[in-house]
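Each of the next two complexes has chain A plus one other chain: chain B in the first, chain C in the second.
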Partner chain A sequence: MVEGLRAYRMIAGMWIRSTMAYRASFVLTVCGNLMLTGLDFVAILLMFSQVDALGGWTLPEVALLYGLSATSFGIAQLAFGSVGSLGGRVRDGSFDTLLVRPAPVLAQVAADRFALRRLGRGIQGAAVLGWALVATDVDWTVVKVLLVPVTLVCGAVIFGSLFVAGGAFQFLAQDAAEVQNAFTYGGTTLLQYPPTVFGRDLVRGVTFVLPLAFVNWVPAAHLLARPYPLGLPDGAAFAAPLVAVVCAALAGAAWRAGLRSYRSTGS
Partner chain B sequence: MADAFIELDGVEKVFEVRRKTGFLKRERRQVRAVDALSFTVARGEMVGYIGPNGAGKSTTIKMLTGILTPSAGRLRVAGIDPSRERTRLAHRMGVVFGQRTTLWWDLPLIDSYRLMHRMYRIPDARYRENLQRLVELLDLGELLDVPVRQLSLGQRMRGDIAAALLHDPEVLYLDEPTIGLDVISKTKVRDFLRQLNADRATTVLLTTHDLQDIEQLCSRVMVIDHGRLVYDGALAGLHEAGESERTLVVDLERELPPIEAPAPARVVRVEGPRQWLAFPASESAAGLVAQVAARYPLVDLSVREPDIEAVIARMYTERGGTPVSEPS
Partner chain C sequence: MGSWRVYPAVAAGGFRRYATYRVATAAGVFTNTVFGLILVYTYLALWEARPGLGGYDQAQAVTYVWLGQALFAMLAVQGGGFEVELMERIRTGEIAVDLYRPVDMQLWWLANDMGRAVFQLLGRGVVPFVLGALLFPSALPAEAAVWAAFLLALLLAMLVSFAIRYLFALSAFWLLDGQGVAQALMVTGLFCSGMTLPLNAFPGSLGEVVQALPWAAQLQVPADVLMGETALLEAYVFQAAWAVALLAAGRLLQSAATRRVVVQGG
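Coming up: the complex of A and B.
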């Protein structure tokens, strides 16, 4: 773990220095990234120009969902997004070159081509979140104030686990990058809308099978004093850290299994 | 051998290959890439590891470096089991893959070296000293600020070799280090490896398709075919074992009847003024050239080395398929 963080910092640092050599280009790509990912929220704004509520949620409330989801996804994508290109590395054989270096492989894969421009997504998500926190009618308490950063961290861990698990799957199916994208990018898009607009089975799946609901639906319901989706018990919003830890553990196990399988088959 | 640095005892690697035979139907087949492989390499030895494509060379290198886990058998490098203690061994070995780079493709060469410096925890003074020495020996001075993707194959190979040696590894694995290189680059790489082995006693194991690599570098050669070690000994012995022949190609001034060459050399082909003479690879070409030159009007000549595939094929056909080996 310590070794992994050390390797991650070194490799990511090298990529940051190399991008910073072209500062203007960096600023432009961050802005581009910011605008491009911001279009998702523009789509929501357009919808609200026609309706007053979406599944019973007002614009600031949906913005809260969007902000929590986009910010935590932005953090996870910044840190682990590169794992998605694992299949390509396995296919062209360059994955082997990582295994001869004295550093944990996951850290090397995750930090590879560390792209600070991905900050754009997190920044615009945080901006929307900031506005939503002011605009919504939340009855703030100390616990609720603390819940916001805790939720962001847990959400980032849950999305990060998805990236890692999706990467692990690519040890078995090298062309599965699109499958991973369906869960990660698809997941964050899904979470931008209130659970009430989706069918019960989908919400069940996103709560119990792939626990994305803990990224924003459940904690947002607590902040807004709304009923929890699926009638979950009151404390559910505080279960997010537990859910995040379980996700991370499962993703770690999947990664190790994938790596073991690679090292025994070489393909 | 008391000072065995690399030890393999009955090492096997079996892959399971799944093949689609119909809708949802899969046929499973086991492929034995390496079969009961046993050998030892002493510290400071320089060994050539050769064999036809698909013989198991790369699989062996991947097991030695800890990339792949052996299916059976015992494998130790410097007393370490590579598949269990991959990162610990990584500090003590260097690897160069001829076909792909271990450098960071989009970054200048020097950035990769700086990262190696920190990743391998090389003390500052030693890093500076090694970098300076490698840059000088491998002629990398003007390439340090060039992104790796812009380097030519020969330049990249030298860059890769330097990267593999910055941390003073005790063993260096080279998988086809001269493949695709021009003559000058090949010579540079070979000269460097010879010097490395002489100066630092670095153990070197190299796979190659080029018999000249072996001839100029290795006192010992191991031949692997179908996952089995079929020869282990000196290169000269390999030529004898394979009864391989070299070819002397001569251009005469004019068309002449086949040259009456001293046995065992013989003319195998005549095409206008050009004639091909086969002679045992273990013999010197000088004597034959002198005798031919004394009696025939020579314009030009060249000597062709037997290729590994031909040598191995002959070992099989002429010895009835029994593996030949010689104690090293």
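Coming up: the complex of A and C.
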């Protein structure tokens, strides 16, 4: 674990130094990233220029959902987004190189081509979150104040687990990398909208099967004193750390299973 | 002249190249279906709160979503067609070889991209569209004539899509690095073609502007043709005018670029 973090830090540091060789290009790509990820929120703003509420949620409330989802996704994507390109390394055989290096493979894969420009998504999400926290009508208590950072960390762990599990899946289906996008990018898009918008079965699926609901739907319902989706019990908003730990453990197991099943292409 | 036989062969090559990756295609179908599902629910909520928004009813809004997902890969709305390869060839200098070939460069890449588009319409478009039509209310025409009119609108949409990406790609002659261009393509493509929200649902004058831009010819116009929301002639004139103007601009830019070109990496 400690060894992994150290390897991660060194590889990521190397990529940051390499990015910073072209400073202007870096600034431009961060701006581009900000714009690109901001489009989702512009779409929400455009919708709210036509209506006052979506699924019974107002603009600041939806912005709270958006901010929580986009910020935690931004952190996870910054840390683990590179796992998504694992399939390419398996295909061209360069994955073998990682196996012979004296550092944990997951740390190497996650830090591979570490893209600091992905900060754009987190920054943009945090800006929306900041506005939402001011604009919503929350009855603040100490517990609620603490719930915000805890939720962000747990959300990042849940999304990070998705990235790692998706990477493990790519050992089996090398060309199917795009399936992962349906869960990661699809997941964060889904969570930008209130649970009341979606069909009951879909909400059940992302609560009990793939527990994305704990990234923001459940904690946001607690902050806003709204009824929980699916009538979950009162403590559900505080279950996020537990959910996150279980997700991380499952993703770790999937990763180890995937790594064991790896067969080199031999090229 | 024999060289005219080249273009169908190039198009067939483009088709086969994408048809090779079956698993990747299936993965793409799955992803398009998931995104379609998410969008359908949000649009249903939006049209529930505001019936008749943009002149669509709920069924039409749903059909619009599935059409968008079906055409997403075909029209390369966020890029990812021939232009990635063309920009790379310009950056590495391999473009010099292309300029030697006894074929027209614009037509070559158009044929290549058309082959890709036909495959992606069939391979990635049909399944999400049919699934969407089966699972949700839809506003599909019963007359074969409307579907034929829709296919013609699709062909014109493809021409506009190609022409836009050709212009972006040629900028690599001056900029060399394609990353910023790819980002610009993605932002404009997703937003201005109506992938995030139908253009007719945009508010006020912003709506008028985006509906006059060439990106409107890609998804909005074919959707309106399919659902009978526009006069046919008007739609075709709009699409064809942009296609001709942008293809001509591409030709001008191409001759300017090849006159000044300094081949990289020699």
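Structure notes:
The rule is short, and it goes like this: the second predicted complex is superposed on the first by the 262 of 267 C-alpha atoms of A that agree within 3 Å, B and C clash if a C-alpha of one lies under 4 Å from a C-alpha of the other, contacts with A are read in each partner's own complex, and residues count from 1 in each chain.
Keep this in mind: a residue touches a chain if its C-beta (ideal position, glycine included) is under 8 Å from a C-beta of that chain, and two chains touch if they have at least 3 such contacts.
The model shown is predicted, which means the values in this text are computed figures rather than measured ones.
In the superposition on chain A, A:T265 makes contact with chain B only, not with chain C.
With both structures placed on the common chain, the touch criterion links A:D96 to chain B but leaves chain C unconnected.
In the superposition on chain A, A:A7 contacts chain B only, with no contact to chain C.
For chain A, the partner with contacts to more residues, out of chain B and chain C, is C. Of the two partner chains placed by the overlay, neither chain B nor chain C lies in contact with A:T141.
When the two structures are aligned on the shared chain, A:L202 is found in touch with chain C, with no touch to chain B.
Residue ranges of chain A in contact with chain B, taken from their complex: 3, 7, 10-11, 14, 17-18, 92-94, 96-97, 99-104, 113, 260, 263-267. Contact residues of chain B toward chain A in the complex are 15-16, 59, 62, 65-69, 71, 83, 86-88, 90-91, 93, 95, 97, 99-102, 104, 106-107, 111, 114-115, 118-120. Here chain C touches chain A in the complex through residues 21, 23-24, 26-28, 30-31, 34-35, 37-38, 41-42, 44-46, 49-50, 53, 177, 179-180, 183-184, 186-187, 190-191, 196-197, 201-203, going by the rule given at the top. On the side of chain A, the complex with chain C involves touching residues 25, 28-29, 32-33, 35-36, 39-40, 42-43, 46-47, 49-55, 173-179, 181-183, 186, 189-190, 193, 196-199, 202.
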